[in-house]
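Chains here go by letter, A, B, C and D, matching the order in which they are written, and residues are numbered from 1 within each.
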Amino acid sequence: MNYSEAFLIAARQLIDAGRFIDSKGWVPATSGNFSARLPEGNIAITVSGKHKGQLQLDDIMLIDADAHSLDGKKPSAETVLHTSLYKRFPDIQSILHPHSLNATLISRIFKSEVVLEDYELLKALCGITTHESRVVVPIFANDQHIPRLAEQVEQYLDKHPVCYAYIIAGHGLYTWGSSVQETLRHLEALDFIFDCELRLYGVKN
Amino acid sequence: MNYSEAFLIAARQLIDAGRFIDSKGWVPATSGNFSARLPEGNIAITVSGKHKGQLQLDDIMLIDADAHSLDGKKPSAETVLHTSLYKRFPDIQSILHPHSLNATLISRIFKSEVVLEDYELLKALCGITTHESRVVVPIFANDQHIPRLAEQVEQYLDKHPVCYAYIIAGHGLYTWGSSVQETLRHLEALDFIFDCELRLYGVKN
Amino acid sequence: MNYSEAFLIAARQLIDAGRFIDSKGWVPATSGNFSARLPEGNIAITVSGKHKGQLQLDDIMLIDADAHSLDGKKPSAETVLHTSLYKRFPDIQSILHPHSLNATLISRIFKSEVVLEDYELLKALCGITTHESRVVVPIFANDQHIPRLAEQVEQYLDKHPVCYAYIIAGHGLYTWGSSVQETLRHLEALDFIFDCELRLYGVKN
Amino acid sequence: MNYSEAFLIAARQLIDAGRFIDSKGWVPATSGNFSARLPEGNIAITVSGKHKGQLQLDDIMLIDADAHSLDGKKPSAETVLHTSLYKRFPDIQSILHPHSLNATLISRIFKSEVVLEDYELLKALCGITTHESRVVVPIFANDQHIPRLAEQVEQYLDKHPVCYAYIIAGHGLYTWGSSVQETLRHLEALDFIFDCELRLYGVKN
């Protein structure tokens, strides 16, 4: 298949993002998946089962807005979680889903949501201009039946249209932004704040 | 000695695996040992006493299925733990034995076994398709008498034929897979989950 | 604009400092800012909104002693915190402001100040010659209104003229020194001691 | 000054050791010092005040067995702690003194000594052949008066001739071996075990 230049640029950004995210230890084994929306509406997304710190161009595939493969490669089962976010939020152009230790632990300790307040680093989230903000990251039960999991997410987002990220319990984080770079910024900021919250409130007694 | 091409490929994989494993801090000092089974049944395995993050080709030796040296180099005392796993499991082609902090601490806190449940990352283990699985990693007492330690392992595996890994207390983890790459995936996933378990349940009070 | 050689040298030092500081994880997302005073009294300082681990020459700007841009680039809102320290302390030539996890957590646990005593590493602070010293790092409430925050700092420093660093709560650390290199030394030493204090006294019960 | 080839080889080993030790975070700021004894009895040792992760050849100096500078460079105040160990132990050829977080915390929690037992990694210490060993690492009070501190160490070693390392409280670890490589192995093993002990017994309640 001949890929467009926009695809190749997006693929390179996802490959580089994978190197960065893996250097933080946030995609152990072959976990996680990453995507970027192309100008015409199709989506570049990581294929299933590859180590995200060692991605090659061949590990990025092209799907349409409904998660159908356009190049014959096999997408991850979780692809529909990406496409439904892209449909809901027309301004987002990238979604990153790592499996960090902090996101996993947050989901074990803060059951249905974690509330982030009074951190300067909240300002790294697009649109937030003060530490005196209140950002809620919802936590959804894990489910191998992805359409059902996607439905859980949809129902939450219907009621809470301003949302920066969600956690799937015992699984990982989904976050998004207007570019791969902005999404990485959201990811770095959220993981840092999760780390703080865990160290402050995470000890069970 | 003239080594086969299969040996040289396996040796390169073990050297690279060592670099990766050391970058995680899982083989401090000269601890750990790694092996890969060759198509004809002999085994490439790290020699004794070298730093696993700085392996050279000369640090990989060839043994037969009964742990006899085929190239005059001196194998680690723990070599028989490798050969007995290869005899038991015809499908496995690699065994990795690091000494990670997490595996060591797990053995101190969870005495005879650690049970891993409700982690998406369990799916990184070959054959596991849902987080709703229950993986038991047994913990054996450490013993400098390796045949006795091997016997302990054998007796456990006779009763529990489905097993992904075991821990030797105060010592380290053994895990295996159908290739070096798959075994690394098992290792990364297990250490991540051990880390979660320690942070959730590891504080003594 | 034509920058002076002194500017280019200082810019290179700030870029390298950013790489080092980011390698420690102390400037997540696009947080932090760094500056160096030039011989003639102007100041090289990082522009707003860039990742401090990936700084390029174009990400360093020139301001005068009153925080006015001299090259048309947009300085960070926190620039006045830099210029007021330079005015107060004629001997300091660099200021580094990272957002480390340890500084953030210290501010959550030790409310108005943290007292550092009996660490050999205190000797890394300029002028300290024995571990039997007592170094106080004040913690100020975070405030998006930077002139008000600067005033808080000024009032403290009027009363406590010997001061190596301060923390803005939930935000990060400011530290300074007679060169970029010395300021990095102060930063490394302080973060290490913060880490010790957190592990010794940081667990809430 | 013309340095001998033996000096240059030793200097290179110390420089490389510094890079490795710094990569672990064990020599923050300009802390720590390292030495290697040359065949003729003189000693290559790091000069005072340099970052141990960025050592250059010029940062290594030559002293005699009584800690006198032989090349006009200024040795660290702690040099006599090195020379007294070399005099006592004729077989050791290297001494490494980092300031790790773990050694510092160990000294805060385990007052006069830490006892290491039942770790496979004890076998990384020269002469130890089983995890069923008991290794005592004494902890001495910090003292800026180095001759007095050295005397404290001497008195302990007179009574306990088998000793692998000691900790100076709130300061760091001294360990030694028959080569730079063996001393690094001792260091890696000890820090790993300190880390285990801290996570198991280090939480204050």
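By our rule, a contact is a pair of C-beta atoms (placed from the backbone, for glycine too) under 8 Å apart; a residue touches a chain by one contact, two chains touch by 3 or more.
Computed from a prediction, not measured in an experiment: that's the story for all the values here.
Chemist: Can you name the chains that touch chain A as well as chain D?
Modeler: Touching chain A and chain D alike, sorted by label: B, C.
Chemist: Go through the assembly and pull out the chains touching chain C as well as chain D.
Modeler: none
Chemist: When chain B touches chain D, do the two copies use mostly the same residue numbers, with over half shared, or different ones?
Modeler: On the two sides of the chain D and chain B interface, the residue numbers are mostly different, under half being shared.
Chemist: Quick check for you: after a Cα superposition of chain A on chain C, what is the rotation angle, between 0 and 180°, in steps of 5?
Modeler: So the angle, rounded to a multiple of 5, is 90 degrees.
Chemist: Between chain A and chain B, what is the gap in Å from one C-alpha centre to the other?
Modeler: Centres of chain A and chain B (C-alpha means) sit 32 Å apart.
Chemist: What's the distance between the Cα centroids of chain B and chain C, rounded to whole Å?
Modeler: 45
Chemist: What positions in chain B touch 2 or more of the other chains?
Modeler: Residues 203, 205.
Chemist: Connecting every touching chain pair, does the picture come out as line, ring, star, complete or other?
Modeler: ring
Chemist: By the document's touch rule, what are all the touching chain pairs in this structure?
Modeler: A-B, A-C, B-D, C-D
Chemist: Spell out the residues on chain D that touch chain B in their complex, using ranges where they run on.
Modeler: 118-121, 124, 129-132, 185-186, 188-189, 191-192, 195-196, 199-201, 203, 205
Chemist: With touch defined as at the start, can you tell me which chain B residues reach chain D in the complex?
Modeler: Listed in rising order, the residues are 28-31, 51, 99, 101, 104-105, 108-109, 142, 144, 168-172, 198, 202-205.
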